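The block underneath contains the structure these notes are about, expressed in structure tokens.
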Amino acid sequence: MLLTDLRKKVWKDNTALPANGLVLWTSGNVSARDPESNLVVIKPSGVHFEDLTPENLTIVDLDGNVIEGDLAPSVDTESHLYIYRHRQDIHGITHTHSPYATCFAILGKSLPIYTTTSAAVFGREIPISDIAAVGETAIGKEIVDKIGNNSALLLKNHGVFTVGKSSTDSLKAAVILEETAQSVYYALSLANHIEPLSKKYVQEVYDFYQNNYGQK
Amino acid sequence: MLLTDLRKKVWKDNTALPANGLVLWTSGNVSARDPESNLVVIKPSGVHFEDLTPENLTIVDLDGNVIEGDLAPSVDTESHLYIYRHRQDIHGITHTHSPYATCFAILGKSLPIYTTTSAAVFGREIPISDIAAVGETAIGKEIVDKIGNNSALLLKNHGVFTVGKSSTDSLKAAVILEETAQSVYYALSLANHIEPLSKKYVQEVYDFYQNNYGQK
Amino acid sequence: MLLTDLRKKVWKDNTALPANGLVLWTSGNVSARDPESNLVVIKPSGVHFEDLTPENLTIVDLDGNVIEGDLAPSVDTESHLYIYRHRQDIHGITHTHSPYATCFAILGKSLPIYTTTSAAVFGREIPISDIAAVGETAIGKEIVDKIGNNSALLLKNHGVFTVGKSSTDSLKAAVILEETAQSVYYALSLANHIEPLSKKYVQEVYDFYQNNYGQK
Amino acid sequence: MLLTDLRKKVWKDNTALPANGLVLWTSGNVSARDPESNLVVIKPSGVHFEDLTPENLTIVDLDGNVIEGDLAPSVDTESHLYIYRHRQDIHGITHTHSPYATCFAILGKSLPIYTTTSAAVFGREIPISDIAAVGETAIGKEIVDKIGNNSALLLKNHGVFTVGKSSTDSLKAAVILEETAQSVYYALSLANHIEPLSKKYVQEVYDFYQNNYGQK
């Protein structure tokens, strides 16, 4: 079986979606690209998260051919692959309809930075896309066009895509985005206007956190 | 024991109600109609979900006679049966008071389509009923009169009924309805008006999803 | 050990408080009065719900003397006893600070009936108390003065007391009150005014439900 | 291994953070200071709560030197130590971004006392800090300057710090703060103004509770 270690990581990160309240039923997915082979491990389509195993994930190449797996890959696979083909620096992608972030996706508004945690993880305002044309390639193109150097994008009237150097990095971005969207939603519902943190302050927090957080 | 396979499915779908945050205590229920015999498997009345087993579900015929089971069927049984008698295409029904969907049921407003996920699953605005007269036949009639070709109906000042080709299909509709109602509630509480997705776009998403999602 | 069966019921109903999202930490409590002896089984003070057992509950008489138990009874015991002394029909009491019901307790407003479920369980508007003077007797008196023939009372700037023929009946009232308060909160935050269900309709639903729900 | 009993308590209190819905992912932390040695037991940086054990916590002295442990301590360690160095009465600290309390931290408003539970635990309005300069010493100084004789502080645009005589006392303050912030948020979103409880009443409730709650 190909990529057995990467399968385990992607399986664990997919199961973290329901555990962190980011998905219901079978929607949402995490993928990772193997840096050596450019093969992509991704959730199969329409399968419940509790039925996932490292072994029943699907492996596709960058053109969408199924290389290994009995199950059809996620309906969102072509969006993931479009991103991987156009961004050599991205090796992990998470997609959710997490409820508070999706609130802002419905409103069609970018999410300014109001908290030190989102400053530390994102370093800049979370952008919002336009409504993507129907079809997965169109969604992938919209993400690549709009995400810039952020690790998260609000997809208008749809949900969230986050990216990172690994599937776990993209998962972390999806969790922190939902956490900050929740508190910001509450605050905005009590006040007509709240001043976001300044760009300078956000950058300082981001730099501090990138240098000091976690284990070396 | 009759319909042992269908009992297992209906039991699993009933236990998914609390697991997905759609019900509290003993309210809410899932039923299925066997296509061969027209017998209906349904939750017994006032039983906690953790005490359900495939074996203690109740089987009734379309006239409401208990065919198998020691426990009285759900107080909502006659509503389910009215639907099954009047809609040959429906073989599964889910009823909940899930909190965000019930918000819209209290408001007495249909729920437009603001998200691609609800477009993909419902294909059209979720309708709202009138207040049903007291009694289960009146509720069943109100549902049949108002649900049209949708798979979900908001029952005014009450909750949600969803229908499908199987109990699992109706359960999925109930989960996705609550998920979308949650994000839409948040968005509407921050904005006086949000433009729903166009009918044309909703139809395109629906068609794409029906043809591309899940395993063949 | 006294009242071993009643201890089990009260223990189970206390553990249902966190399981249904009605309490955090050690606050909230359920008690029951034994109809024979008038002894009351109640949660000990400041104990975490996961550390409760049927055996470590405290038994007191109607004057508050500890009859059995190594642990001091709930700080709210005198409120429970005041109710039991003044209402011979009540044999179970639940107290919580469940978040949505407490919202209405902070607002100081009674909760009209907007849903068929709350009509079925309560049959009439949930009343609101005045701010009780400090001390448990004062709280008990305020409850007895204001709850009338309802099974739930919003205690102003405090939380919820529910009563019933058994501890489980009072627990059910606390669960359904929180469920309905949640959906009503959402609806009220989207609309300036919502018309409650009519008294006549509420009474009809209540009568239907009392006669048709559950197992005989 | 040093401080094995204190390690167990701090480990248990850290695991209570996700169990009580106060944290997501790896953020948030609890520490305790040993009264004898002045050594501090704290969560290691960037470690998931389910991977914590009493043994893999980090022990530092008041100057931040790692005394025992293979893992780098929390990025917030210097904030904790600043507090311990300047407040001899504090032996436990909890830090979270719990969503409802963080709402008020984003709004930049102190949280008045609207409920008897928060009156009993805090005894006075929860203060709000200014935006702290970037860096952990600055955060520690802001906390010491603003928390006064309260056990909780809203850290502007950041989250919550709570303190106590033990890690468990600080944890309890963090749980009760989030519980009260949740209900108060709901109430404020339905009303333009709500009158807080009077200072006199809050003090009476506080005094009653300090003398009557829990086991001796």
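In this document, chain identifiers A, B, C and D correspond to the written order of the chains, with residue numbering beginning at 1 in each.
To be clear about the criterion, a contact is a pair of C-beta atoms (placed from the backbone, for glycine too) under 8 Å apart; a residue touches a chain by one contact, two chains touch by 3 or more.
The structure presented is a predicted model; accordingly, all values stated were derived computationally and were not measured.
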Copies chain A and chain D - rotation angle from C-alpha fit, nearest 5 degrees: 90
Same-residue or different-residue interface between chain B and chain C, half as cut-off: different
Distance between the centres, which are taken as Cα means, of chain B and chain A, whole angstrom: 31
Gap in Å, rounded to a whole number, between the CA centres of chain D and chain B: 43
Residues of chain A engaged with two or more neighbouring chains: 189
Chains that touch, pairwise: A-B, A-D, B-C, C-D
Touching residues on chain D, where the partner in the complex is chain A: 24-27, 44-47, 71-72, 75, 97, 99-100, 102-107, 131, 134-135, 157-159, 185, 188-189
Residues of chain C defined as touching chain B within the complex: 20, 114-117, 172, 175-176, 178-179, 182-184, 186-187, 189-191, 194, 197, 201, 204-205, 208-209, 212-216
